[in-house]
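I've put the structures underneath this note.
Same chain, two partners: chain A is paired with chain B first, then with chain C.
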Partner chain A sequence: METNNITVGLPRAMLYYRYRILWGVFFQELGVKTVVSGPTDRDILEQGSALAIDEACLSLKIYLGHVHALLGQCDYILLPRVSNFGHHRNMCTRFEAMPDLTKNVFRDTQQKFLTCNIDVLAGEDEEDAFLSLGRQLGFGPKAAKRAYKLAKKADQAQHKARVQKQEELSRREGLKILLAGHSYVVEDPYIGKVVTDYLKAAGVTPLRADLVEREHALKRSRELSPTCKWEISREILGGIDLRKGQVDGIILIGAFPCGPDAMVNELITRRVRGVPILNLVLDSQTGTAGVETRLESFIDIIRLKEGML
Partner chain B sequence: MAEAKRRSISFPRYAEYGCALKYIMEQALDVKYVMPPALTKHTMELGTKYSPDYVCTPFKTVLGSMIEALEAGADTLIMTHGLCRLGYYGELLEQILRDLGYQFDFINLSDYDMDKKKEYIKIIRRINPKVNPARCLAQFMEGLRMVEYLDEITGEYYKGCGFDPTGTEYKRAYQDFLTAMYTAHCRSDVETGYRAAKGRLQSIPLDKPAQPLRVGVVGEFYTAMDAFSNLELEQKLADMRVEVHRWMTMTNQFLHYGNGQKNLRIKIQDLCQYDMGPTATANIWYARQCAERGFDGLIHIKSAGCTPEIDVMPVLQNISADYKIPVLYLTYDVQTSDVGLQTRLEAFYDMIAMRKKVF
Partner chain C sequence: MEHAYLGVDVGSISTKGVIIDKENNILASQYIWTQGDPIGAVKELVGLLEAQFDRERYKVVATGTTGSARKLVGTILGATMVKNEITAHAVGTTTFYPDVRTILEIGGQDSKIILVENGVAVDYAMNTLCAAGTGAFLSSQAKRLGIEVEEIGDYALRSTHPTQIAARCTVFAESDLVHKIQMGHPREDIIAGVCNAVASNYLNNVGKGKKIVSPVVFQGGVSKNKGVVAAFERALGCKVIVDPNGHLMGALGVAILAKKGSKRQEFDFAVENMEFHTREASCGKCSNHCEIICVYRGDELIDAWGNRCERGERTR
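Take a look at the complex of A and B:
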């Protein structure tokens, strides 16, 4: 069923960093064109901040900026909802609210939106969500299922390759620092990437806590925090537990004021011993000098501690 | 070991629900309940000092209250589970208290899968192994009944209080009711207390205009209900001769809608397709309900950093625009000042009072 000229817009924020392959391949297999908003920049952040409630987290502000950038660029904008993947496998409630919240913010525009819902406790898993996505675009379950299977395979292969890469990096010589944060913060070119870039330039190998074998990390997160219920936080906790012996320091990167991070990072600093930890909270600042100074002093402390300075 | 000593159990102060919890603990589960001291500025200072910076405010209140409960003699603390960050409160609270050096037994409901009935029996056994879960059911239900009475009388109180011509009778009846609930030992105490309060509130002739100003209160579960945390917002409004309506209570949220709020979502389908958070559906539904019933204003209450309620705000803004109903958004932090709130409420009152004359 080769179809029509539908274009779906994907905001380059939040879950995009987790699902880009899954969404990309799925739509490609269905013959649906996709358009991704550009990398986060000052304009996007400012636009998003103007649209969001002041107290919302930086990530939501960026997200709304990206949705705004896609207005009129496509037939539909994809707004996924993820409530949970099962018991004690929730997402922050913001991911539950995201599609309705966004629709309410943009209700005076003519833009049409697509939603899909992952809520395993209510009986809708990832596959159901993709089937419903297909249905909304006019594809039968067979075509959608096929596309989903292929997308899932590609996604898993890519994730495996990234985990493999982390394994290699973890065996490297020299200073290694573990970055623990949500992928949409760490990888965002405007806020989190500064950290990775700076570390690389300073000759430090950055490792990622969230790039781990997910099932294993979920189990392992129980060692550090038995009742933590946020899926992504649990993956990060598992990743920290796995890598804490291999790295020289840990940087907890959060966007202000991230709900789960406010609590989980406090717990990490109280429970993970023997490794220097920097708790870095990123806000919508214009310059990078502040962050760089803190990174520089953190690296100096580690080097001093290890007798390298 | 645990059998040898009767537990002195405590739960952080939360609105006036302490009386029902005390009843359940003492009458149904036969353990001692240590009532934490009433919340004060000191509680907040304690809580703030040891909490992470940008956690939501109730965490700080709860931590302060727990410290005060431990210092008042509790040896066991109980903490609830929850759908938002509340579900993680327990573990972090315990860690902070242990790091401070306090010794206690901690029963964290997040350790259990609260969707399964079997887990409740496990919890009861842990609180008091000598209790037969089947036998304590009656007292347990009486405790829940007390919650319903409490919410009913409280609701009635804030609707009428501002129009009491004597100025004191209504307040006294309500205080007497609370005393009766806090001191109840058996079913008849609860029933008599409730009936007496109901009778007294009804017997006071109210000096209410035909069209009083009506304000609906919506918001976050803890701050909207806990009078200390919202700086007695409802009393302040009532004192300005406003009829205060609030749907969000323990009764409505849990006892009557225990199995999800699917039926509430029907009327707000156009505003939101899914549940946007633990109390979002109810709040949006009630806000629209108030708007449709011609209320004069809405007040949205949340603590600083409450993610689900921040996310509800765009919807409330749309309701406000559609029905031309003013909404006052209040964020409570540890530093929110009483006078500041009073000023904002007076301005809000003046505005809705003027609108009522104009339209």
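Take a look at the complex of A and C:
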């Protein structure tokens, strides 16, 4: 494979958790090197908080911290704009504003950014966005298209494998708890991953609402809300509807203050019946005591119900 | 020697302790203020319990701790069971009220609701990031109105026309309250309004979407306030039970859990005379800079926690 001297930085935050394979394979196939910021830690969060406005959600603060960590480490930092995938398939405004917002925050640096636009309602789909990324880096449509196709294939294979893994986990013996939240919250090592670690240490099998066959989940989300318009929330709703009968409890994990979650989690607690639900809102507190108390008591309540405590 | 079990509940405001026998009879009990010093409070508590306790006849074979300082106090007391306060309250209340269906609890800085079916907790909720309508709100409003927090209940019961106070949020409730004072509303009506605000705030936040079924047991420090009890009874349209030992329910629950647990470790009352101190250390092994709490008995490091990863494990 040919290599060139371009390096693209990928902030390990937000949509990275959804698109790491798609982005990674695409750039790799073009011979473009990528560099990923390190796992979220306190420095990254503090740096990001200092750069963001107060009202920004915790995830956006973390994102800006990751972008900051990549400054000067690469030729370009990837800042995709993802607006929608069609009617009733919108992303949160944060993702629509991502390139403008981030460029503005870092306007006084020399850093160059690489952007693309996914806005199906305006006639630009995912493939168009990747062709445009290729074009900006000096690759013709043929090379970019080939890289995109391979990347898409790898992405779909990986997602399928992860869904398959969930299927296996759902058939396991013992206590199972469904985690419902955005991948960039649930998987982030500094904020959400403590929940998964805690559950595993307590002998509970964590399942993921968002690791589902996506098209199916979108359709299924209609069961819980026929009007919800957020793509990722709809996948989670569909995942909850699919798994609610297989788990002993559901934990809604959100980062404060998340607009879509504020509505959707309220909807879930009202409409999903017959299974205990814990609504866990994560903020930038350094201690994990509050989270642990809530998790411990949630597991106890479920175990008490089974007469296991 | 008969076996006895110690339960200690160290909250942000008060520290509670009980010693029970095999049949859950209370052999000794005490309630004191934490005053920002959980270690000092628990040492004092142990001394007070010892004075009430027949050491010739009983020995304490298991110890449980609960409340927000459960881990720290568990280390100091050599606890055999360390449990969160929700589980402790659920176990304590269902032991004494096997028919209970709903447990309302309002403490100094948090509040919770536990729903029970057939003696088993099936669902619960806790206030999330907001401390609206907890004991801390009541005591600050009592101060503003120039009365003792203990007097609130009597004032509230004298009111015939409770003032409407915005209940959604403590900040709004407070500014609304100041406005009503300046408008000339009588003091007992305002106080009754505050009690109503606490009850409706609780039902709209923690109790939101929960089906509250009688018998209802109300506990936590705020349950001692007759005005809030009356407000709950009005709002729910049913009787609200307040146990005279309601403030001890967490301690009782964790004593029962310690009894049920498999670990046994005879409790040594000598801890009341030992020196304990804590030190906060910042772990420098990665950029998370975890705040690690080290607990010492005399000069000996007996436990440490607060690290997010194994790099911060204590080394003796």
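By definition in this document, the second predicted complex is superposed on the first by the 306 of 309 C-alpha atoms of A that agree within 3 Å, B and C clash if a C-alpha of one lies under 4 Å from a C-alpha of the other, contacts with A are read in each partner's own complex, and residues count from 1 in each chain.
Operating definition for what follows: contacts are C-beta pairs under 8 Å (C-beta built on N, C-alpha and C of every residue); 3 or more make two chains touch, one makes a residue touch a chain.
It should be emphasised that the depicted structure is a prediction, and the values quoted were computed from it without experimental measurement.
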Quiz item: Should the pairing of chain B and chain C on chain A count as a clash or a fit in the superposition?
Solution: fit
Quiz item: Is A:Glu96 in contact with chain B, with chain C, with both, or with neither (first, second, both, neither)?
Solution: first
Quiz item: In the superposed arrangement, does A:Phe256 touch chain B (first), chain C (second), both or neither?
Solution: both
Quiz item: In the superposed arrangement, does A:Arg273 touch chain B (first), chain C (second), both or neither?
Solution: neither
Exercise. Applying the touch criterion given at the start, work out whether A:Arg171 contacts chain B, chain C, both or neither, answering first, second, both or neither.
Key: neither
Self-check item: Three-chain overlay, vertex chain A: chain B-chain C angle, C-alpha, nearest 10 degrees
Solution: 80
Quiz item: Of the two partner chains, chain B (first) and chain C (second), which one does A:Glu55 touch, if any: first, second, both, or neither?
Solution: first
Practice problem: Tell me which of chain B and chain C touches more residues of chain A. | Solution: B
Exercise. Could you tell me if A:Arg81 is touching chain B, chain C, both of them or neither one (first, second, both, neither)?
Key: first
Quiz item: After the superposition, what is the least C-alpha distance between chain B and chain C in whole angstrom?
Solution: 5
Self-check item: Overlapping contact positions on chain A, where the chain C interface meets the chain B interface
Solution: 256, 270
Quiz item: Which of the residues in chain A end up touching chain C in this complex?
Solution: 41-44, 190, 194, 256, 269-270, 276, 279, 281, 283, 286-289, 293-294, 296-298, 300-301, 304-305, 307, 309
Quiz prompt | Touching residues on chain A, where the partner in the complex is chain B | solution = 53, 55-57, 81, 83, 87, 90, 92-94, 96-97, 99-101, 103-105, 107, 115, 117, 119, 225-230, 256-257, 259-260, 262-267, 270-271
Quiz item: Across the complex, what residues on chain C touch chain A?
Solution: 68, 83-87, 90-91, 114, 120-124, 126, 128-129, 209, 257, 286-289, 291, 306, 308
Quiz item: Which part of chain B faces chain A closely enough to touch in the complex?
Solution: 52-56, 59, 83-85, 87-88, 90-92, 95-96, 99, 108, 110-111, 113, 115, 271-278, 280, 304-305, 307-308, 310-315, 317-318, 331
